[in-house]
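In the two complexes below, chain A is the common chain; its partner is chain B in one and chain C in the other.
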Partner chain A sequence: MPIIDAVFQALMLGGLYCLFAAGLALVFGSMRIVNLAHGDFIVLAGFIALTVTWTVPVHPLLSLVVVVPIMATLGYALQRFILNRVVGADPMAALLITFGISIILQNVLLQIFSGDTRKLQAGVLETASVAFGDSAIGLYPIVVFVVAVTVIAALQYLFYNTEIGRVLRATSDDSQTVRLMGVNQNHIYAVASAIAFVVIGIAGVLMAIRTNFDPTQGPARLLTAFEVVIIGGLGSFWGALVGGIMLGLAQTIGARIDPGIQMLAGHVVFLAVLLLRPNGLFPMVTHS
Partner chain B sequence: MNRRLEGPAASGLLRNLDSAKAPGVFLLCMIVLGIASASLLDSSSLRLLTEMLIYLTLAQLWNLLAGYAGLVSVGQQAFVGLGGYAFFYFATALVVPPIPALLLGGLVGFAAATLASKVIFRLKGAHFAIGTWVVAEICLLTVAVIPTLGGGSGMSLPASIVRTLGAGRQEREVLYFLMAFCLATITVALIYVFMRSHNGLALMAARDSERAAESLGIDAMRIRRMVYIAVGFATALVGGLIFLLKLRMTPDAAFSVLDWTAYVLFIVIIGGSGRIEGPFVGTVVFFILRALFADFGSIYLVILGVVAVVVMLFAPKGLWGLLSQWTDFELFPVRRRARSQAFRPCPNSTT
Partner chain C sequence: MGSLLSVNSLNSHYGAFQALFDMSLHVEPGECVALVGSNGAGKSTLLKSIAGLIATSPDAIRFSGQPIGGFPAEKIVKLGLALVPEGRKLFPSLTVEENLLMGAKAGRRGAWTLPRIYEVFPNIAERKNNLSTALSGGQQQMVAIGRALMSNPQLLLCDEISLGLAPVVVRELYQRLTAIRSEGVAMVIVEQDITQAMRVADRLYCLRSGRVALEGRPAELSRHAITEAYFGLEAAHAHH
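Now for the complex of A and B:
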């Protein structure tokens, strides 16, 4: 059943894309900042995991124990010491600074790890599969999908049911009033960024097990994440899951037609959504 | 030249824009210098100057987009690449002479920008930036699957075509230099004239406060789209010239985000965005840094990135911004500033 195969492949690819996008959606949704180095941080997480597995021979998934705290710290520091200086100003400053950081990260990684393509070896997890009717589904893609759903559910809960989520939503609506209420925005923004970087860390490790990666691949990850966010809309984190699956589906179908147009097919779907539904499938509710 | 401003201008609040002589003198000096270099320098020095002029032009164009129109694009490589490919295609497959082929390349950029603006102008601010990058990716991926354009392995310009521009190397380098020189001069002159016009003022007003500008009846979208398309045309023209110099192009080189956007961006940031003088300073600093550190490979790019980030954080108006803040001097005055001290709470205001 090639159609069922394609749909499953799209679902699984969509899970990974959704993880790429969730951090971007969180940061943009609360601070109106787009981090152009987002993709490079995903790749950085992959390289940190690689270094961990080189140092201690553990299963790559266990490297998350190290990767996630490092990424969270990086996210907090990036926001607190650099991006908070320009938040709320025109979007140009944050864009250009993160663009600079993207170039810096790519070249630091290139200097340390060279341009070779890498991959994390996850042993039997990569080859195991589950029978489903007359086709077999890889176990690892299912794991990625389950992680993606869990992360989205967690973010959704955090954003809509907790104190910090309330502050973030309020900040996104009217940051001046929130400041008047005595909230330390510098800290809140940095925490939001740290949460986004936790997701980046998870995404980076899962990506590094699934595909080859090298220091120059950040921008491609950024564009994927961005397209997912725009397709899904900024109204709900579940939009990222739907956006991810749509992009995955487009790429899977594109690849079946001709491997050369796999990425192109994804971009075309993005443009189509932008033309037909400029605010995405789950638009943000505006309070103005 | 700005009738609507006559009232406040007459009351002495606003600088009379017509009195500026510095740009004319500066351009005259540049033209004399240009002719002198074309007749005196050897081909490798000319090549370096040509490259500098190309980056100056790209930086001026990007500055017009981002610094004045508030359209931060990280996808201008789309137009460099399209201009280059169109030029190669017209010159080789359709045997159009090189100079008309360059202009046709510019028209392709114009068409592409018109088309792209229909989609990406639906995105605002930061999202617009990544949208432009997606457009550039689409151009790259599309060109890479078209066999007539050489697919992934690219195209080259046959020597027979190059020779139609001049028999000897020196002769051709002089021609390339003059072409780059004319492009740069015309670009700077047009930007200067445009920024002093009604539309230029409207553009700056919309950048500083979109709501206020629109409440005064400015159709910011229309002017921005116009600027985006004009910049697309000019960038494609420059792209054709770039690959006329390089003689060979692949999709990755033609649509390189590093070469045609990152470097240009760093030049404008370091020199100072939102000022015509900025890209001049930035280009000189960029080429000095390149001469000093280019041999270090990726470390050089790290240094460049760090310089750009530091400038952005601590001197967001760039080196020229610092300079003009201290000296109150402007080479290309396009801003209207209050003259009376009572009306000057902020030395950098544009109104």
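Now for the complex of A and C:
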């Protein structure tokens, strides 16, 4: 049944897109910083996973054990030592810094890994499928989607049901007043960034198993993440999942009509949402 | 034993603008001190300087004998000095209870816990799961005071808690403050209403243009003397 195939294809794409976007939404939502190097960090995570599997012949999913702590540390340090200097200032400063980091990352990756396209080999996981009625659904798409839902549920829980989540929300509300509560806002911003980079690490590894990648693909990932965030809105992490699925659905349906318009269909849906609901499907509640 | 808080020759600046000049004052343990003065006299600047939101020289402010001038705000609250900021500054995306729990982040144990706060302010207990923005102004002020108390301070700084509130609400707030004082918490209260300030305070400082213009016990100060200090001599004479 082609419809079911298309839907599952869309869910898998959507899950991956959602993981691309969640970190971007988290950083923008809590610090009002747009990280233009976001996509390059996703690609970087893919290369770190590649290096791990070259060094130790383990399954690429197992490389997450190394990738996630490295990315979290990187996220913490990036925020604590660089971006905290420009939080709350003119947004242009953060844009310029992260744009610079994006260029540096791409060139460093080119130096080290060359421009060859790479891919993580996940063996049987990539080819295995599950029978579903008349059709067979790939196991890997299901894994990606389940991971995406789990990550979003975990972020939602972390932000709304734990102490660190409460402090993160308070800091994003009023970074001066939290200091009167004994909270060091520089540390809290860095923790938010570290959490975002954990998601970036997961997204990078899952992407690198699914598709070919090379050092120049960061900006395209960033564009996807932007579109998902705009469609989903900043009010809830579930917005990233819904936004991701909508974009995935549009691209899949577009590809069925004509493979040449796959990306275009996604952009059209993005533009439609931007026109009709500029704050996204789950808008952030403003408290003024 | 020395003063709980002593401010010695404090000069505070907002950028290039100097807001406080050579200011000195002290607060004894358990004492309630009121700061009065017109807008721009330096009352809020003084509280922000004490709380660490405005940089000062190290020796200008001592708390329990320890020099705390120049400490960041997040360190000062952990020493037992809490500020209820002007305009309440509740966290709008947090519920009432979450706001109160933020106060406990200072990590100081003591008598003030969630149940105790709800006991003193029963009307916010009923609304603990509401967003703080859904509350009335008076209730929001109670949450702001409760949040500061959750850090179990030795000294509570209250900046204009009656601002924009109906007289009946202000009276209620000050009744609660009296109950809180009986627990041994010292207080510095910034208050526009001189009558209110004279009623609750053990001692009163009148600030004008960033300087202490008058200091004394309410019983020893005449309204006329305060008015003179409040507006400056020339202005007081112009009224006659």
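As a working rule, the second predicted complex is superposed on the first by the 288 of 288 C-alpha atoms of A that agree within 3 Å, B and C clash if a C-alpha of one lies under 4 Å from a C-alpha of the other, contacts with A are read in each partner's own complex, and residues count from 1 in each chain.
In this text, a contact is a pair of C-beta atoms (placed from the backbone, for glycine too) under 8 Å apart; a residue touches a chain by one contact, two chains touch by 3 or more.
Values in this document were obtained by computation on a predicted structure and should not be read as measured data.
Look at chain A after the overlay: chain B and chain C fit there side by side. In the superposition on chain A, A:Val167 contacts chain C only, with no contact to chain B. By the document's definition of touching, of the two partners only chain B reaches A:Asp90; chain C does not.
Legend: residue contacts after superposition of the two complexes on their common chain; A:Phe28 is shown touching chain B, with no touch to chain C. Of the two partner chains placed around the shared chain by superposition, chain C is the only one that A:Met181 touches, whereas chain B remains out of contact.
Which of chain B and chain C touches more residues of chain A is settled by the count: it is B.
Annotation: superposed on chain A, chain B and chain C show a minimal Cα-Cα gap of 5 Å.
Shared contact residues on chain A (touching chain B in one structure, chain C in the other): none found. On the side of chain C, the complex with chain A involves touching residues 51-53, 72-75, 77-78, 82-83, 85, 89, 91-94, 98-99, 101-103, 105-107, 131, 133, 147-148, 151. Listing the residues of chain B that touch chain A in their complex gives 66, 70, 72, 74, 119, 122-123, 125-127, 129-131, 133-134, 137-138, 141-142, 144-145, 257-258, 262, 265-266, 269, 273, 297-299, 301-302, 304-306, 308-309, 312-313, 316. Residues 28, 32-34, 36, 82, 85-86, 90-97, 99-101, 103-104, 106-108, 110-111, 219, 222-223, 226-227, 230, 258, 260-261, 263-264, 267-268, 270-271, 274-275, 278 of chain A are the ones touching chain B in the complex. Those residues of chain A that touch chain C in the complex are listed here as 163, 166-167, 169-170, 172-174, 176-184, 285, 287.
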